[in-house]
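What follows is a set of structures to go through.
Two complexes follow with chain A in common, the first pairing it with chain B and the second with chain C.
This part shows the complex of A and B:
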């Protein structure tokens, strides 16, 4: 009885319940040490001049920001980031949607096909880079063979060494690895659509295309939008894949913002300038995250009504 | 059909040629499967065929001969700093440490999020969401500088602590989702029987959530297993290389034989592929919950 009374008491909120705070505290501390403090350090560092291990740290005010805004390579990395983000979002979410629609059909061998299609998602970044570097190797890569079956070209393309092909290639590889996740999430939403809706549409004489347009699509659009934002963020943080596959080249055509940060810090040892570019990236991520949180709220509100 | 008065459209009647309409679907499924499976097949092929077949153009699409020599090379070379088995051993140590730290913290966090709402829960959720969204590369510089100052570089434990910070949010979401499926009656019954809440968590909720805990363990383990950026910047000692850094270093050495590279890559992928496919259900539920319900 006493325990029951205690539950009722905390439920009615007459007594402040401290347990959740005690539980959350270690995590808040942990993330403060490893995430929040470094962000503050990064902010401070962006106002200084800190060539790692080369010169003493000096306060320089907004000089780094001045330099960044007039740095054409910074704007280049912004452009590359946007193209990479847009490209992977469209290809990965689009392929994920198609895969989910296919997996939502009944056919023989579906579970095998589903396992095969999930494969890239389980693959780590490093082996993914290895495989595709080999497949797209300009001398021995098997892709040369396939392309020359289809296109009448005399010479093997230079693939990731070609300034026009490098970025699309990186996008395709990133999407190859990412689409199964979007497919699995979409599939779980598709399977939660009540079958009565489809039967009702059928009774009303809807064609398959119409029932997709008027039944399926409205149900999955909120999820697709959320995944689109999520895919933007995943694309934004993509480092190992790009860095190891092209190193940002050729001619900086695949140098996204995160690659630029890394190169400023660990190739040029200009920690402050790297930190400054990092702050620009941080603002971008913050904006996208808020958009994501907003879309989520709206979806929950819609689901509740 | 319970209501025979409704006219059944002719196309829903089973016809012997029903499968014809499904051909485009099968072609699409096949196409998807080829695109996802071919690279994996190609990697496996270059590991198990003698290297001279890989180094011909045009390359043969099907195995012509089989050889296991490359495994001898990557597992028993003279230089232990260059051996894939040593790298994989380091990765296992790193990933195990990350898993333990992460499991402990995510049990606390998931329990905090799964009970009744409390003031500040929204802020806590936002903190987790921000952490989950933050690109590692954006704070690698200050983390590197601090860890360098504290002389904590070249330590797998340091790396495990950093990796945990980034994988913790998703683990909390996955576990919260699992905790949420435990009916309130079970919790209340335990409390009425005189358990305090920590005891209820320990004795009742964790045993029920065992599969979810496994899923969280798998996610944490393979996050550390796959992680490249921090491993590459914080580990300089070749004897402490994790597999991801080791393979990365192989990529940048132009003269690494292709079969050796591919064999290393294959060894590195086998565990995550098996385990991810096993706990896929939980990860997707948790990821979409964390992602879609943050």
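This part shows the complex of A and C:
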């Protein structure tokens, strides 16, 4: 009987061993077909010359990478991407934190305020861009009125057509759209902080600022760090807002890597070069993802200890 | 107690009747899968031959309706072929077609194209010879359609030719007490005098970085205003006098007379509301204001300026319709049948008039009675045609690439970050590098 039970147990154990693989199979297949294979194709394409309708596809080795590394506009795109990423992360996560702290207070109409706060996040990209294009229209935009009240200027700013203003504007719009997400996540963490900690701090004579510094901040920092990394990845991938608002201009001042990939592949029809820039972007996102994984593990280890 | 019964059911052996049923079902299934791949001649088909026609025309005001009317007429004239609408808006069209072509096959039996896009698709083998269509329709093609030929055979039929010109609102001119410009300096003065920001503007031409295609598309004409071209063969001419002068005039107009930051769609609406007095547009765009203008008087007040610029040339762009080389032979034959019908003089004239076009692709393609009704077309007619290959040289195959070199520098100029000479000097160097790479 015991031997039979052991055999049964072993057999059912074997069956159970396959279960995780079976459950994971759909997502593995999906990732393989829609993520892995295209990445491999893109990598292969980056070693070829593929100008549609001009010449047949031919193997060119590292020529595209050589071209990319000596292309000043590639480095411009890299710089713009990092600036956009840094700006969006600071503004969006920062605004999200402030919004979460405000929404964590007890006040009348809090639920309504929270619902309103989420609106920008719910807005599709296209209407968002159209609204901001009108707000910042150099001829008719309402923002011209505000600026003329504040500053002694005779001509309206050119806003998204101004080489110095375009990137900050794009960052502002992207952050405006993204901050509710970070705000909601931060709010959920804030609400999980035991009130006893604040009461104890109060008993110890801590001011509101000290309570924030020594109670709130240590509790939310791991989440903020992870959100920062997530925000980096989201910002790195941002395409629609930038492309619709400025098209990467003026004078390439908002041309991030993804916009550069699109322009190379679908405006210049140079798919190989687009793939090459795409691979550079892939490496960068992969590095950020590794950082994300590292931070997550470290956080888990700290939580376990 | 129930288990043995279930087992019995599942283990039941197949009898002859079941076997035959399954065999019949399998045969029907296999046949239903295989049938669409078997190509029967039209006369053997029970149903109509369905053709998908890919074009951006469906979304164009006026032009879409004109095409629908012609398709309806074709459907009434015969019962074997049925044409379905397919395609995308103008802004997405070429990218979508390109993606389809890159993936192996354009998803339509007939498709229209831009002149530069057509050349790429023809080179990549996505078009077929339409010589038999021309013979059957019995028409003589215009000389301009030579650019649609491969190995001497025409691979696309011009279905709309547009010419660049200056359209203005006669009522606004009269109200301001000005007349048609006499030269380029006078034009700038008139445009400036017609401007009263933010209520009224003297001129519009695309200038937004988010609309680089429109910007580059129209900018090409600004150099032609000084009798210039953008490239001669493989040599770019971005810092030539004509191009520099054209861009200086464009910048002066932008500074003094344009609604800065306004996209093309909004500008068209403003022109239709008599808030913009002049617009550099292709002749086909006039249709926008016939049906959809806020000011119903606008269309009647439209005039195109007689050429007042040196050379008097206007870029003339041919947009061909093609038969997909990768569709089934029967569908190709049906598509050619439709084109033969469409290119018959009477049908072609009807389409041209419905679309409000003015430049016929075939001899006798425009009726004089119709032409007389177009009060806005005189300036376009008086303009001398210059084709895209003449303006762009060998860069006609790399139109968008050249545009991508030029437009960021135009944005620098409009923003006041660089002088025209400096910016176009840099653009010239980049265009030469482009030429070295693509013509190697």
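In this text, the second predicted complex is superposed on the first by the 288 of 305 C-alpha atoms of A that agree within 3 Å, B and C clash if a C-alpha of one lies under 4 Å from a C-alpha of the other, contacts with A are read in each partner's own complex, and residues count from 1 in each chain.
Following the convention adopted for this analysis, a residue touches a chain if its C-beta (ideal position, glycine included) is under 8 Å from a C-beta of that chain, and two chains touch if they have at least 3 such contacts.
Since we're looking at a predicted model, the values are computed, not measured.
Within the superposed three-chain model, A:292 lies in touch with chain B and out of touch with chain C [touch as defined at top].
Contacts of A:48 after superposition: neither chain B nor chain C is touched.
Of the two partners chain B and chain C, it is B that touches the larger number of chain A residues.
With both structures placed on the common chain, the touch criterion links A:88 to neither chain B nor chain C.
By the document's definition of touching, both partners, chain B and chain C, reach A:271.
Of the two partner chains placed by the overlay, only chain B lies in contact with A:107; chain C stays clear of it. Once chain A of one complex is fitted onto chain A of the other, the partner contacts of A:133 extend to both chain B and chain C.
Legend: residue contacts after superposition of the two complexes on their common chain; A:77 is shown touching neither chain B nor chain C. Legend: residue contacts after superposition of the two complexes on their common chain; A:159 is shown touching chain C, with no touch to chain B.
Of the two partner chains placed around the shared chain by superposition, neither chain B nor chain C is touched by A:211. When the two complexes are superposed on chain A, the residues of chain A that touch both chain B and chain C are 52, 133, 139-140, 244, 266, 271. Listed in rising order, the residues of chain A touching chain C in the complex are 51-54, 133, 136-141, 156, 158-163, 166, 243-252, 263, 266-271.
Across the interface of their complex, chain A is touched by residues 6, 9, 12, 22, 25-26, 28-29, 32-33, 35-37, 39-40, 42-43, 46, 54-59, 61, 105, 108-109, 111-112, 115-116, 118, 120-121, 124, 126-131, 133-146, 161-162, 164-165, 168, 172, 188, 191-194, 197, 222, 225-226, 228-229, 233, 243-244, 247-248, 251, 258, 261-262, 264-266, 268-269, 272-273, 276-277, 280, 284-285, 287-288, 291-294 of chain B. Against chain A, the residues of chain C that register as touching in their complex are 95, 98-99, 101-102, 119-124, 197-198, 207-212, 259-263, 397-398, 400-401, 403-404, 407-409, 411-412, 414-415, 417, 438.
If you check the complex, the residues on chain A that touch chain B are 3-4, 6-7, 10-11, 17, 19-21, 23-24, 26-28, 30-31, 33-35, 37-39, 41-42, 45, 52, 95, 98-99, 102, 105, 107, 113, 115-135, 139-140, 142, 144-145, 176, 180-181, 184-185, 188, 202-203, 205, 223, 226-227, 230, 233, 236-237, 239-240, 244, 258-259, 261-262, 265-266, 271, 274-275, 278, 281-282, 285-286, 288-289, 292-293, 296, 299-300.
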